[in-house]
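Per-chain residue numbering starts at 1, and chain names A, B, C, D, E and F are given in the order in which the chains are listed.
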Amino acid sequence: MDMFGKISAVKKDYLLGLAKEGKRVDGRGFDEYREITIERNVIKNAEGSAKVKIGNTMVMAGIKLEIGEPYPDSPEEGTMTTSVELPPLASPEFEPGPPTPDAIEIARVIDRGIRESEYIHLDKLVVEPGEKVWIVFIDIHVLDYDGNLFDAGSLAASAALQNAIIPNERHELGDNAPLPVGKPPISCTFVKFGDSIVVDPNLDEEQVAEARFTVALDENGDIRATQKGLAGSFTLDEIKNNINRARIHAKNIRKLLEE
Amino acid sequence: MDMFGKISAVKKDYLLGLAKEGKRVDGRGFDEYREITIERNVIKNAEGSAKVKIGNTMVMAGIKLEIGEPYPDSPEEGTMTTSVELPPLASPEFEPGPPTPDAIEIARVIDRGIRESEYIHLDKLVVEPGEKVWIVFIDIHVLDYDGNLFDAGSLAASAALQNAIIPNERHELGDNAPLPVGKPPISCTFVKFGDSIVVDPNLDEEQVAEARFTVALDENGDIRATQKGLAGSFTLDEIKNNINRARIHAKNIRKLLEE
Amino acid sequence: MDMFGKISAVKKDYLLGLAKEGKRVDGRGFDEYREITIERNVIKNAEGSAKVKIGNTMVMAGIKLEIGEPYPDSPEEGTMTTSVELPPLASPEFEPGPPTPDAIEIARVIDRGIRESEYIHLDKLVVEPGEKVWIVFIDIHVLDYDGNLFDAGSLAASAALQNAIIPNERHELGDNAPLPVGKPPISCTFVKFGDSIVVDPNLDEEQVAEARFTVALDENGDIRATQKGLAGSFTLDEIKNNINRARIHAKNIRKLLEE
Amino acid sequence: MGELIKNGIRVDGRKPDELRRIKIEAGVLYRADGSCYLEWGGNKILAAVYGPREALPRHIQDPTKALVNARYNMASFSVQERKRPGPDRRSTEISKVTSEALEAVIFTELFPRTTIDINIEVLDAEAGTRCAGITAAAVALADAGIPMRDIPVACAAGKVDGVVVLDLTREEDQGGEADLPIAIAPRSEEILLLQMDGHLTYKEFEEAIELAIKGAKQVSKLQKEALMRKYKKVE
Amino acid sequence: MGELIKNGIRVDGRKPDELRRIKIEAGVLYRADGSCYLEWGGNKILAAVYGPREALPRHIQDPTKALVNARYNMASFSVQERKRPGPDRRSTEISKVTSEALEAVIFTELFPRTTIDINIEVLDAEAGTRCAGITAAAVALADAGIPMRDIPVACAAGKVDGVVVLDLTREEDQGGEADLPIAIAPRSEEILLLQMDGHLTYKEFEEAIELAIKGAKQVSKLQKEALMRKYKKVE
Amino acid sequence: MGELIKNGIRVDGRKPDELRRIKIEAGVLYRADGSCYLEWGGNKILAAVYGPREALPRHIQDPTKALVNARYNMASFSVQERKRPGPDRRSTEISKVTSEALEAVIFTELFPRTTIDINIEVLDAEAGTRCAGITAAAVALADAGIPMRDIPVACAAGKVDGVVVLDLTREEDQGGEADLPIAIAPRSEEILLLQMDGHLTYKEFEEAIELAIKGAKQVSKLQKEALMRKYKKVE
């Protein structure tokens, strides 16, 4: 159940000591993201794709569209499904096999951000009402794991969806068309250790973290999804504070997506 | 493969000693069931349900009906399927995961009792002949395990089926209707240790048992299913004797179902 | 991943010593197969079947035909699928469970031989073009494992297909008919240990082998499939030499199939 | 929209800040070390605790603390469309966040190399099962005598027809605009679990989480009463 | 009904108390410690025994006795509709009751910490495979030199067209009223396995089980003859 | 037939003995002990090496050598029809022959009881992924400093429209007559991997394998250049 294996108590003391002085292990400020880069349209076989780096963390998202049946309770909407792969390539701790609880949690939180912000216009993905709709597969493949997969995965998914197409030609349904999307959600993640709460945790920080908080914000700064994780706690003030900090970060990250 | 883990030799000696004096560990006679209670209609989302207690053993059965295809060799009959869950909630020995051989054996023996006594009138569960029939799911969920799951599970299934409905309304097939059933089978289980054979074994007795025998009887006392279990043996006379004892018990248990 | 468990270094030395003198552990020459026997039509419930022995290795192949959908890219062809079972019956090293990489490799190499030599006339297995075709299931069940499952399995599959029928009657499609087949592929397997390369390895030889080579040849001696296995290597000359040796063996084995 | 709240009254007759009927019983199972049966609106939940007991296989043991391993499971008959037995992605996530929320209050360092297993069976479901499950599990932990710095409790708030409301029903969950389940340690008001999906402005979020905390503190009283009744019975 | 027995003769020409043709061969496999090939009517069965050998992983070892682990498996081509490889619920149950029936006669306490693995492969199936499998497995155990207090043997009786008959065919199993497979230790007549489904009065049950025991004792002779032939061959 | 090669020129403009465009970069990942990114025509491959590290669970350890465990995996989005995550029969076979081909050059006896894990992720696929994967994995092994007696390299030849050609595209693989992927140790020209399916006369087979070896040796140069660039960067 634990992504990180044994945690060095020494490392924890060191990071806590640094934090008391307002410092982080890689020299960042508490409210500083690592460098973020987005590369789009990197996979020819995908309907959309993006490679996102946040510091050393590297994540690839690929979008595939297939035709399938709608859910009985929403016959006039396409469907979407989000999965996260943590392949052994990306970290010595990852093992082959079916999705772990970690991978499932990340995928579901990213999925909620996209779904609740109505980023994909599912109502425009109907082929035959009640019978055939497009299924949007959002597959997030972690390539190098140095912390903060929630934000890296969410950003990669958003960027990949932004440039995705509907492969009408492959299904003899006319010309390919852009996937109809609105404004993406922006995910912002914090971890707490000791009394400090930092944004965009790297691996070392995740390993010593007591609690984690992720919020997905829409273009108005409204809240579309939140998730608290790990076996620690936040006060109500800390949660509010996290959200206010996130609203600032989200604006900056959103600019990267709109470039 | 073994439901019970390591068995204390001390416990075995103690129970064998008691049995020689005609006594059981909980003070019952060899031919005495623990108190049986049946509570019906306990689950709103189920088409039928019952909670059965036999002493400390507690079992819940829930009935769900779905529409599916008939078997090719009986196109004008509904189908039934029986499963037993042994969740870790019910015993420190139960583990999460797919059904164990123990769970499968219990489910299949209960299933045979219901099926062979023609308790459910499957021929009345046809929606469109050859195309659509009702599938009756009998799901038995063990909640507290203190022995004799064969009888507790069978009784819970029978009671749940007795008050089940066909959810026609949910499928726009008219009004809901009672599930057509006949007379339930009654299951009666014995275990043998040393020279003694006792009815309705509790957990201690199951742990020391050498052989187990279950018989399902119809309302005439005819035999619809039997199952011998465990790595011991019975003589033919013992088997005959068990059945004759079971015919008396079954009459009493049947009264509880008819209340 | 290793079929053979721990390999005795002593055994290896012994076999290498023998090989230097041009000898094999069971007295055969380097280019000598063990005795091969083929028994056909051994399983009534199968559409075709054969039991093949190569020395102590015994393999059963059974053919079943079912009606299914064609692949979208070949709507006017039946399909075939080959599987190999290594049940714990056949060897103390085999364990129950899903197919191991060993079983998958053997099945896929045998499948390629049959498929690439166009042994089964898949184009004659259409029931309704684009809708319904025959699926040919080739199931190879190893019964006794003393080496060289590639050749034994391939031969059993070929012999079983040779006498298989299309079960039209069971599906009310007219009279049963012979499965349309051409000329079978013949598989020939070598292993290398030290400087020696021997055909038809027995279990001892497989356990000390450094590299394995299998080739499937058609009736003209043309090459339809090859597979190099194990963590050793062959020179190009050795590969060529293996193929030339195989072309002689294949002629002899083909005669057994044509009896 | 606009159909779920009329004149300030919800479909089931409740006011926006009113809880559904809740019934809690501690110590209901014979085999478990601690247990709880809980009804919360149409939800029926059974929770059982086993442990601390040796963690097996040994390589999963933590030499510094107990593992806390909650398992949320829905009975196949607990929902309208029969659920296939076994864990799915939703229950895997709920099991994970539940384990973490409960671990946060347990003195795990007292029981190195052990596991504390918490089993939550949803027998009948009607929206809000994760909060009901955590609430029941907390009572089962207390009933098992597991040392905790507080007895956790959970409750959800949400937004329906533009109104922030407490403890959503199924119709409100499906037809509403947001759902925000939380778990807290009631004395310190620390937040142990917080999920949310839907659409809330920052103001609404503040309002909702504060309402959920208020609701949770009411439920906390019912937990303690249930434990008191159990202790009295035992005396 | 009324079509399966005419003038006291069954569809395949047998009398009610007559067995199908049975052929048993011991010691047919090279790798196994003991083995048996058995044909019983249209059934073709291969059984192999490995062990006693160290039980692995070690935590499954019983320090007081050998584990007896029978695995009943149907080859995918052994039935009319191809069977997907791997265990299903039916074969899991048969493996369990077979393991228990065979363990009942093995001196397991002589081989603590080991496992005795019994593999039963049904190559061709025509009703009665579980009895055929146990009968073959018992010969394979004897061939492997596993110490037993008796050589178990199995046989079924049933009811067809109102008549109690021995050793049902497929048509009789499907069209008949009851099937009652048993396994016994033939010397003591102890019952090691007993299953039954269908509809029998108490009288019919008595009649059927006694007929099955009679049949099993006939099969027992064939088992012993097969083992004798094997020993003679070896000498 | 007869459509894939016109006037000695292939559909993508190449000559029969010409490779597709290949780009290799060593040391591209932060966490892995060694890594490689490789583009080969339309293929995009990432390979990572971890180890030698203790093999776990311990009972899989070989006291005489390191285990070499390659895992070939296609990302779900790497092919036109989305691939379900997880291994299938094809990738299981490729993982096995890749492990064996790479083990053949590694000095495994230097690292008893350990495992060397090689992960090959196909991110974008266009025919020839197994050769591309082995080629990338070999660079990642060198980048990880794993002692090898040579740096393996892979390449395929095949037959298209009756002509033996190097390095097939997807159309050529599907419409052609044979595909023959090999891996070699380039200095000794030993053959580490050899598969083939299709139809080749003995002559054609000789021609194809020799062409594949020639191609592999060209790719080998690109591998070495990539490693040189990496070392230069590090200095």
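By our rule, a contact is a pair of C-beta atoms (placed from the backbone, for glycine too) under 8 Å apart; a residue touches a chain by one contact, two chains touch by 3 or more.
Source: prediction; values computed, not measured.
Student: Give me the chains shared as neighbours by chain C and chain D.
Tutor: Touches both chain C and chain D: nothing.
Student: What chains touch chain E and also chain F?
Tutor: Output, common partners of chain E and chain F: C.
Student: Quick one: point me to the chain whose Cα centre is farthest from that of chain E.
Tutor: So the farthest one, by centre of C-alpha atoms, is A.
Student: Taking each chain's centre as the mean of its CA atoms, which one is most distant from chain B?
Tutor: Using the mean of the C-alpha atoms as each chain's centre, the farthest one from chain B is F.
Student: What whole-number Å value describes the gap between the mean CA coordinates of chain B and chain C?
Tutor: Averaging C-alpha atoms per chain gives centres 48 Å apart.
Student: Nearest whole angstrom, what separates the Cα centre of chain D from the Cα centre of chain F?
Tutor: Measuring from centre to centre gives 51 Å for this pair.
Student: What is the distance in Å between the mean C-alpha positions of chain B and chain E?
Tutor: 26
Student: Indicate the residues of chain E shared as contacts by at least two other chains.
Tutor: Touching at least two other chains: none.
Student: Give me the residue numbers in chain C that touch at least two other chains, ranges are fine.
Tutor: Within chain C, residues 99 contact more than one other chain.
Student: Please report the chains around the ring in sequence, anchored at chain C, with chain E in second place.
Tutor: Order of chains in the ring, chain C then chain E onward: C, E, B, D, A, F.
Student: Which of the residues in chain E end up touching chain B in this complex?
Tutor: These residues of chain E touch chain B: 67-69, 89-90, 92-93, 95-97, 99-101, 103-104, 180, 185, 189-202, 205-206, 209-210, 213.
Student: List the residues on chain B that touch chain D in their complex, please.
Tutor: Answer in residue numbers: 42-46, 49, 56, 58, 60, 62-64, 66, 83, 85, 87-92, 96, 98-99, 137, 139, 141, 143-146, 170.
Student: Flag every residue of chain D that touches chain B in the complex, lowest number first.
Tutor: 29-32, 42, 44, 46-48, 50, 53, 71, 73, 75-82, 85-87, 117, 119, 121, 123-126
Student: For the complex, give me every residue of chain B touching chain E.
Tutor: Checking each residue of chain B against chain E gives 1, 99, 101-102, 104-105, 107-108, 112, 115-116, 213, 218, 220-236, 239-240, 243-244, 247.
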